[in-house]
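By letter and in written order, the chains are A, B and C; residue numbering begins at 1 in each of them.
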Amino acid sequence: MTWTPADSLAAMRTAAPLVHCITNYVAMNYAANVLLAAGASPAMVHTPEEAGDFAAIAAALTVNIGTLSPHWVEGMSRAIAGARAAGRPWVLDPVAHFATPYRQEVTRRLVAEAPTVIRGNASEILALGGEGSAGKGVDAGDPVEAAEAAARRLAHETGAVVAVTGEVDFVTDGDRGARIAGGSPLMPLVTATGCALTALTGAFLATGPDPFRATAAALAMFAAAGDRAGHAAQGPGSFAPAFLDALHALSPADLNAAPVDMS
Amino acid sequence: MTWTPADSLAAMRTAAPLVHCITNYVAMNYAANVLLAAGASPAMVHTPEEAGDFAAIAAALTVNIGTLSPHWVEGMSRAIAGARAAGRPWVLDPVAHFATPYRQEVTRRLVAEAPTVIRGNASEILALGGEGSAGKGVDAGDPVEAAEAAARRLAHETGAVVAVTGEVDFVTDGDRGARIAGGSPLMPLVTATGCALTALTGAFLATGPDPFRATAAALAMFAAAGDRAGHAAQGPGSFAPAFLDALHALSPADLNAAPVDMS
Amino acid sequence: MTWTPADSLAAMRTAAPLVHCITNYVAMNYAANVLLAAGASPAMVHTPEEAGDFAAIAAALTVNIGTLSPHWVEGMSRAIAGARAAGRPWVLDPVAHFATPYRQEVTRRLVAEAPTVIRGNASEILALGGEGSAGKGVDAGDPVEAAEAAARRLAHETGAVVAVTGEVDFVTDGDRGARIAGGSPLMPLVTATGCALTALTGAFLATGPDPFRATAAALAMFAAAGDRAGHAAQGPGSFAPAFLDALHALSPADLNAAPVDMS
């Protein structure tokens, strides 16, 4: 019997992992609710005085630079050091990293800290792979397919699993690749959707030794819940609560039919 | 054919402007979701290291002092300088500026930086116009009508369009004035409603050369969506998602009947 | 006629008290919406430059250490000093205080500042009372009953009313005790539920001279609204808006039947 995302979801629900999130102010509440609804336990802890200590207690760390500042970047560094020393996986979400020189420089340093997974939209991954992108702010200006080659290259260069999320997600460890369909056109109209997916990826990293499969499973759960919520919602406002309800209601069996295309 | 708010909404939807928001921690998520639902693209960027660079990329800047601190005020100053140097409009939201000496002093400096629009509740605009107000915290203690004269005077003194929002909104550039009815009595029971309107005003400022019309259009869209959501909601909790749904569903044609009373 | 939570709710609605909250980034929006829906007026003000001034204007102060940092801790100290000098009650919410040495040290200093009420989950109150707990992150790992003795001892030691919240809440001033049933199993799946209850407790402290009754009334209102919302919701996502609707709809009469068991 081969692995499916259902196995990872079952393992994640059993572990109910404590996920240490350093994320932006916009995303914090939504990301925490996504983790709780999915079955994990979130904790937002950022200050340098304790971020390293806390990372060692948690099962995984996620770092998102959406609303960065020097004090927070110092906290990120301490948390990453703590996570690495304790052998914990960590996820980098380089929000709009190309937008300003400051953001570029911080991202360069974070990428050098050996993230287990890098998750971004197509514009972010293209720019991180050294290619031109149509991105300007935090919203993607490029389709996922355009970033597949950049994602594979970035995975090879950094050793990280790279996830490019959009209409059909793509995840790769450089060699293996998977495409995950699903979701809803309303998802890009809810702020912090990508940031919340980064947090959920952290939860799945606690499920086993293979970050490629863990990431694919997180994307599959997100897409399946998004599809369900899209049918229940009247617009982006009612989508968010419906999405949390769907994450909570999803069972591993619901992921057996998840359209994960491995290649 | 004369201008109506419908024209501005059509132009805003076409431009889908990137709006740089420096707003308070309470409002960030809601303001971003309001912008996305309405058709714009939000970005929250505050640190002095990049706020000036980012303001030049965005189509408009909005500054809200709700949860201010020296680090953020420095970021606001850099962002305003960046926006002005790039010829971008900016909106000031002087939340409870009369409440403490620190807040008063910061507001004095921000008003001197030539905001394109100042939006506040009646208590805030009265106090900014040098008159006594019944305001104490962030909620208005005065009716909009009581602040009309102060708003006109403030517009003349500062060169800004001034919007006083409440049961019936009032907007003026000192000479022209408009009253916008609509909305719902549930709106003051949802936190950050005014802050989100400030963000939406930023989006409309990208629609044309007349900030008075742009602001009136933002208020008209907000009031029309609020009216719709008020009829769909069971209380303040269900109002917020219904409001985002309504912003998303509103078409320019829906604003043709907007009760904007120009005078 | 004896006191019931209904009396406190009626008094709180009449006073519509301004509650000064210094809370974590995750909770801010939800806590503000809980206060507005319940009938109070929230204000989030944290910077040392104004936190002391603002505390003297407000009717009560609440301090939550969820996402603490030195700058915020300094603001908490100034706010507490301002509140105490003005004779205002204040509530301490020591989120996951046992998790790191930094958090432990800050909590020790805050507890020494004579909080009127301390509210936490069972793991937090057990650890604060010097006992071992099963808590790791922000979610409770212990049942409320296990913390009753620690709560009474902590109340005696500090002079504070101590509230332990969970499936059935317990509140004590050291001598008197009350158990409050109700709520919904969905509540722990909504982030910042406890933080929002801390804010609501601040609102009720403005209702009369007895912080034990005020706290019991806040817990009773929260439990009653939670019970109602639990029946209306499909999951944790739809619970949050339903809960705010229920807080808004609850009348004092609805609390007459509140299962408050005094002992």
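The rule is short, and it goes like this: contacts are C-beta pairs under 8 Å (C-beta built on N, C-alpha and C of every residue); 3 or more make two chains touch, one makes a residue touch a chain.
All figures in this text were calculated on a predicted structure; none of them were measured in a lab.
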Turn needed to bring chain A onto chain C - CA fit, degrees, nearest 5: 120
Interface composition of copies chain A and chain B: same or different, split at half: different
Separation of mean Cα positions, chain B and chain A [Å, integer]: 32
Contacts with 2+ other chains: residues of chain C: 25, 29, 71, 240-241
Contact footprint of chain C on chain A as seen in their complex: 18, 25, 28-29, 32-33, 36-37, 41-47, 49-50, 53-54, 57-58, 71, 240-249
Chain B-facing residues of chain A, complex: 24-27, 29-30, 66-71, 96, 99-103, 136-139, 188-192, 233-238, 240-241
